[in-house]
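These notes concern the structure reproduced below.
Read from first to last, the chains carry the letters A, B, C and D; within each, the first residue is number 1.
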Amino acid sequence: MKIDRRSFLGLGLGAAAGVTLSPMPWKLTDDSSIWSQNWPWTPVPIDGEVTFDDTVCTLCPGNCGISVKKVNGRAIKIEGKKGYPVNDGGICLHGISGLQYLYDPSRVRFPMVKNGDTWKQVSWDEAASLVAGKIKELKDKGMADSVACVAGSDKGSIAGLYKRFITSVGSQNFYTVDTMEKTWEMLIERVHGLNASAAFDLAKSDYIISFGTGFIEGWGSPVNNFLANSSRKERHAKLVQVEYRLSNTAASADIWLPAKPGTEASLALGICSAMISANLYNAAFAQSAGKDFEAFAKFVNEKYDPELVSRTTGVDAAKIKAVAAEFAKAKSPLAIAGRGKGESAGSLMEFAAVHALNCLTGNINKEGGFWTIEQQDSLTWPSVVMDDSATKSYAKPPVGAVTSVIDSGASGAGIFSAVVSAVSGGATDSGQKVLSSVSKLFEVINASEKSPVELLMVYNSNPCFTLRNAKVVKDAVNKIPFVVSFSPYMDDTAQLADVILPTHTSLEMTQDVYSGACIAQNVIALSKSVAVPVYDTKHPGDAIISLAKATEGSVASNFTWKTYSECLESIMGDNFATLSEEGYIASELAPPVTPLSVDFSLFAAFKDSISLEGDAKSYPLTLVPIDTIRLASSTLASPPFAVKTVEDTVLFEKDTLVEINPETADKVGVDDGDYAVITTSVGEAKVRIHLFDGIMPGIIAIPEGLGHSTGAKGEIITKDGSPMAGITGATSIITQTGGVSKNRGQLENLYIGGKGVNVNELIGPVMDPASGLDAAWGIRARISRA
Amino acid sequence: MDSALIPKGAKRCPFPVFATGIAVVGAVLLWGVYAMGLCWLKGLNQTNMNDYYGFALWIWADLAVIAIGGGAFFTGLLKYVFGIDELKNIINLAVVIGFICYSSALLILAIDIGQPLRGWFIFWHANVHSMLTEVAFCLSLYFSVLTIEFVPLILENRQIDKVPFFHNLSHNMHGVMAIFAATGAFLSCFHQGSLGGVAGVLYGRPFAYREGLLVWPWTFFLFTWSAAAYGPCFTLVVTKLFEGITRKKLVKDNVVNLLAKISGWMITTYIIAKIIDTIYWMGVTAPDMGFSVMDFYSNNSFYGIWILFAEIVLGGIVPAVILTVKKYRENKKLLLVAIILGVFGVCLNRWVMVLQVMAVPVMSFDTWALYLPSWQEVATTILPVAYGIILISLAYRYLPVFPQEQELYDTK
Amino acid sequence: MSELEKKTESGSVDAAKDGASSEQKAEGDSGVGMGILFFIAAFAVCFLSGWLLFPSLLYSKKEQPFNFNHALHVAETGGCESCHSFREDGTFAGVPKNSSCIECHESQLGETEDEAIFMTEYVEKGKEVPWLIYSKQPDCVFFSHAAHVTGAKMDCVTCHGNIGESTTMKPYQENRITGYSRDIWGENIWGVKKNPWDRMKMDDCAKCHQEETGSKGACFQCHK
Amino acid sequence: MTQDNHGKKYKFGMVIDLDKCTGCGSCMVACMSENNVPFKEDETNKKDSITWMRVFKLTNGKPFPETDICYMPRPCMHCGGKGDHGHSPCVSVCPATATDYGHDTGIVSQIYTRCFGCRYCMGACPYHARYFNWWDPKWPDGMEEYLSPNVSPRMRGVVEKCSFCYHRYQAARDKAYHEERRDEIEESEYQTACTQACPAGAITFGDLNNPDHEVCKFVNPDPHQCGKPRNPKAFRLLERLQTNPKVYYISEREWVRKAGDNYRDGEWGKEIHSSDGNSHK
């Protein structure tokens, strides 16, 4: 048979015709496009029954009520809980992103011990006995006071347990990260003689003067303030914002008073002066409740006449008087202080100057006014038992002890002690109240040749990121021989730890929650676990209880509960049953039984605002942080969704952008988008320039919440040597899982980590002589083109 | 070596020289193919396009090659429908260029879409209101027509022609070519127009939007007209290029001058229409939407009013004058300047109607969006050029593209 | 370069041959005959494999975890709704979960092997049965049972066929390329349908919508 | 296709009070979380960052201390198009009918599985409301667990945009059908995720055809002028382009209202008559 070209032609044509007339090409065309519609690497979430689980968000002290939407029991979305007293359905962007914290790539999957450059997986028991062993060793040597703990706050039962642990061991070294709430508490103690927290009834006030607060930028209880701000707009209640930069709050305000930075207190006293001289203050209240009012009146009239104040602040005297008149005439005027989000303590005397305005109107403990909320001890702890060595060690003062000196005018120099928080995990009843500061702690460690702290426990805080002069804090942490982190994430501090005992994230655990953040409400709530723990983590309460048990002796005897939930039930008393059922208990605010007194002598003791670090010659500009709600700047880093909302004028690629006025830019010789170097006495950083008309010339503003490190350096060795992965808690409920990024074998969060500059590496702490706490709100700086 | 395939009596460079040349261009082609593969496998993240620049370099290249490939339909129209017979001496080249341009355009479109496997949805699930649907239908139909027009030329290859069947087929196809040319001209008119319509209908984009007739904006007609006007310029540029490279005369001057003259008059009429359109747009259309002309040409680092000047004066009026005035047209150098400017002008017009449209901010608080293509985009844009060079070289070497070549050679 | 050279060379050799063969036209008949023969052979092979082999390659077959007798359950419970019910929010629960099965199957009912598998493998282990859903629509589809069953009062049979009368579960066939159940395209490889439930492609939805409501409906009506 | 929106069953729309908006970003995140929007390591190139709801920051351009800023949340405008007939800029250009106008709801759909990624609609949209999936969506290990089944995750190579949370409308209809209400839906039953989340209560959502709905009361749309707001403090973005959006903005601030459209020198504040007979203000 001869096969020629015709045969081939026939073969080809025949095949083509045969295929064309069969369904194959047509079906394949259709199917290949359907394949592209269902790519196996694009996930397909499984449908099912929808349920809602209500709980309380604990990402920030705002504590909003949230509803977690679930499909087949799998949490898919977080929404604000309608009708909840704090937020009534509203929710902030971090709260919505809550589920991203569950699966954060930097989450620590299991307990780990640092071994040179690597991390080794250990069991919970191994980890606990390792830490307990160290503590026992120190205790045996009589060095129990060298055990310290830094916690995010001292509110609630979990913080109580950690404090109780430190106390049981025999140490006073329990520290919390100080916020404006602490300063307000100290102020109330000094001015009104009350053991109470401050609260502001912003939703009902008809005239608010805010001294640099980020009223709608995360200050106080963020969502509650958003609601208050909108209700304010509806009620045509006025907001006056005193700030050197057109922040979102300033933009939302009716009157923006751009006072020079650092002169806010003077402006407040200027308004006081205007009110007193025009006889616009609540004379009846000042006379009946006030002590030393006359001295204060004389003081402000002499030193803070509006004309004088106008010169220092740069705010027109007529404007000062006008605001004073409006403020005085308002039905429920309110003055608030606490810069930015109020995440640092701030200056006590500055707060005092602002609070003088509230005291002049007498709008205290009334609707729409300033409230003193007595601190309730709703938890009943069994008293702490200490053995001899613990008692001995406990007598030693804390490493970070500070004294606060207030020159209270006529009455001369005096020392007053601040309150050790009422929600103590079992302080001894010696009544000794010692003030300490976490910034001071690290300062002392750094200054000492050998660290006075031998063992540091870090719970619910990230001091290596959030404290001013973070680099120095890191040095101090490195100096401490043994550091135990309870962080769920490989954050800036956990990276420096020797042992990590990873705890649950907020959605995975139950805890008691108390209204705070200066909200004029009384709410106690139970935040419930709404998600199965994703990794081999423990409830922080259980973690410390098991550590106490491993420590044995008197320490263990103070922790007789089997689990945290048993502990919570027993110490909460009657509230527990109600909370388990209702979720929260809200009660009306009630004024204190005793009539309010005001000691005006403190206000008259105002001298100067906290001056900034650095000399004006080498550092001609002022560097201040910008607080924005879109970036978390406290213990937790922002979740990917929140980072996505950050404008390209704040963060671009991996660079922080700083705001400066075009006028300043001209002088310095930089332009929009340029690279520049900021230098302060603390450090320097490369940034990019963003020109903004709304900022006062002479100021550089830098966003907070950036500059997190990426995560763990060094390899992680699992027990069985298998690559680190594995979600232990939940079963996979997604049919197709292809689009997952490769596990790096490292605990890195590249969505926020490694981006931008940490403000705290440019700004150092400044001790407020009045409170002993850190009152830094900026630093002197210079900037030059890079 | 390959002499058996080369048209009888035609002088071609030695095969190794040819092969080397093809290999060099082939390397560029492979680079383009590699980039194309990246785009298909990894997706369009390989480009520098973004959500503001959904249409970019490729779409410009697409529009530009179709515009300059317009010589095929217009020359075809003139020859077969209007019976201008001299043009038979250049029609083959016009068809080859057309074929290259249109196949390139289709290839570019296939790379440009995010889901190539679903590309056929444009036919199957067509939305008749979309200009792009019109483009897709006319483009692919006209490409089929061009293929049919190209086939007889291939069949004229010395060896193929020896087969009686092919010989007869070729002969018969020539006979009916007028019908195809007419169909092609009609289809081409439409899709050239609909490509113009693509930008013109965007009433959310004041820079591009034009009023018009029925469903077709003025840009529809301007695009058709400009393709007809400038397409022959490109045919002539390629002719001149060939003549330069081969150092041979391939087309007689009278043919060149005729096509140049027709092109000149077409450009003249086009540019008048374009100027009227521009003035109306500046004076009525854009102001109605709240824009002054200079809003479109200021506050950015690239798009200045120069681009409008370059398009209308350099790319329009200048070639129009040169090509319409006999004295200038017959000056070889001026002619070359004119046809090059013409090609530049029409390409610039397409650039403006794609890239500047995307760049101009519309919301008062939006900013200009400028973009630089990635290497993958550049490579895939060069890919059709390399492909075109190879195909046209092969055609020139093995097919009787220039019917007058022999005659001109002999007279020399 | 050399390759190109070779190709062209062989091409020209071919061409030369071609010239030769065309001259030997006398033998043309047999050449044409062979061509036709090859044409028919190739056509037949491709045509048949496209029709017969292709479908069997395209689909994979999977057995259900165990057999389920619909007819029996319908007889016992009285209708589809007793197991395939709506949730309170109007969503359709689809295939019931074990929790609703064990309302009746508290303990093993009957002696069938399938029942035993159900009890020992799933109920006792607290595992849901991984049923393979014949009528499963892709992720892009939002199908409202409420609109069709409650709103338009349609019968289950219209779309699902007579599955309620079946006593055994047919093997589940899955398109290897798309991952779709074969029931979406239908048994017939050309997609030809006799009954409304034979095929469940979008066009089938649209056809019915057109007939019943006068409009195919907007895309979002059924897509998500 | 030449039906009018007026008198149709529903015409869903949104009103955003720009004076209440604080720029907090909750709406953006609520949207991303509700709609399975993916995220990348670097999202700072805003021209390649999928944000169905995007909050723009506007400034009045004046020097310190006269400066003012305003945040403007921008979802998809769900344009009715010229004459409000449903020929939205994007719908009319899509070659494959992957985006269409729902005449019963006024909502512009986007069908990811139909879209083949030509991006013509993105060019057509002056609001930059449409986004292309340049990348395969990827979630960190395990994070896909939070994906919602109500919105299908998009694959690489297709366009996506705000749908006014259409799946919530679908769910509300399911419930209405189930309760034998046919598809009569209460105002509160269908609210978008951003509306629900906004802690400032700046966003209102509802049926513009229903005078009892808040949105209608706020802006008082004029049915004879394609829904143009009759409230003088309300405006629509780029009104003069005749895209006829269904998203309205309210502000007491004049500069903000002016920023909502383009005006040539001297035009602002005057009644503008365009050559096609439509009047604008």
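Note that in this section a contact is a pair of C-beta atoms (placed from the backbone, for glycine too) under 8 Å apart; a residue touches a chain by one contact, two chains touch by 3 or more.
Treat the numbers as computed from the prediction; the structure is a model and nothing was measured.
S.K.: Any idea whether A-B or B-D has more C-beta pairs in contact?
M.R.: Looking at A-B and B-D side by side, B-D shows more C-beta contacts.
S.K.: When you average C-alpha coordinates per chain, which one falls nearest the overall C-alpha average? Tell me, please.
M.R.: Looking at where each chain's C-alpha mean falls, the closest to the middle is D.
S.K.: From the mean C-alpha coordinate of chain A to that of chain B, what's the distance rounded to whole Å?
M.R.: Between these chains, centre-to-centre, one finds 62 Å.
S.K.: Averaging only over C-alpha atoms, locate the centres of chain C and chain D and give their separation in whole Å.
M.R.: That gives a centre separation of 38 Å.
S.K.: Could you give the separation in Å between the centres of chain A and chain D, each centre being the mean of its C-alpha atoms?
M.R.: Their C-alpha centroids are separated by 34 Å.
S.K.: Where in chain A do residues touch at least two different other chains?
M.R.: Answer for chain A, listing residues that touch two or more other chains: 32, 35-37, 44-45.
S.K.: Would you give the residues of chain D that are in contact with at least 2 other chains, written as numbers and ranges?
M.R.: 45, 49, 97-98, 112-114, 136, 150, 152-153, 155-157
S.K.: In chain B, which residues are in touch with two or more of the other chains?
M.R.: 115, 118, 121
S.K.: Chain B touches which residues of chain D in the complex?
M.R.: 1, 45, 47-49, 56, 58, 72, 82, 87, 89, 92-98, 114-120, 122-128, 130-136, 155-159, 237-238, 240-243, 258-265, 267, 274-276
S.K.: What does chain B use to touch chain D in their complex?
M.R.: It is residues 43-45, 49-55, 112-116, 118-119, 121-122, 125-127, 129-133, 136, 198, 201-206, 284, 287-292, 295, 357-358, 362-366, 369 of chain B that touch chain D.
S.K.: Which residues of chain C touch chain A in their complex?
M.R.: Checking each residue of chain C against chain A gives 14, 18, 21, 30-32, 34-51, 54-55, 58, 87, 89, 91, 93, 138-140, 175, 177-180, 189-190.
S.K.: Which residues, counting only chain A, touch chain D once they are in their complex?
M.R.: It comes out as residues 36-37, 39, 41-48, 69, 71, 74-80, 87, 89-93, 96-97, 99-100, 102-105, 216-217, 222-223, 226-227, 229-230, 233, 246, 248, 251-252, 256, 258, 534, 629-630, 640-649, 651-654, 661-663, 692-697, 725, 727, 730, 732-734, 737, 739-741, 743, 750-751.
S.K.: In the complex of these two chains, what residues of chain A are touching chain C?
M.R.: 1-19, 21-25, 27-28, 31-32, 34-35, 37-38, 40, 44-45, 49-50
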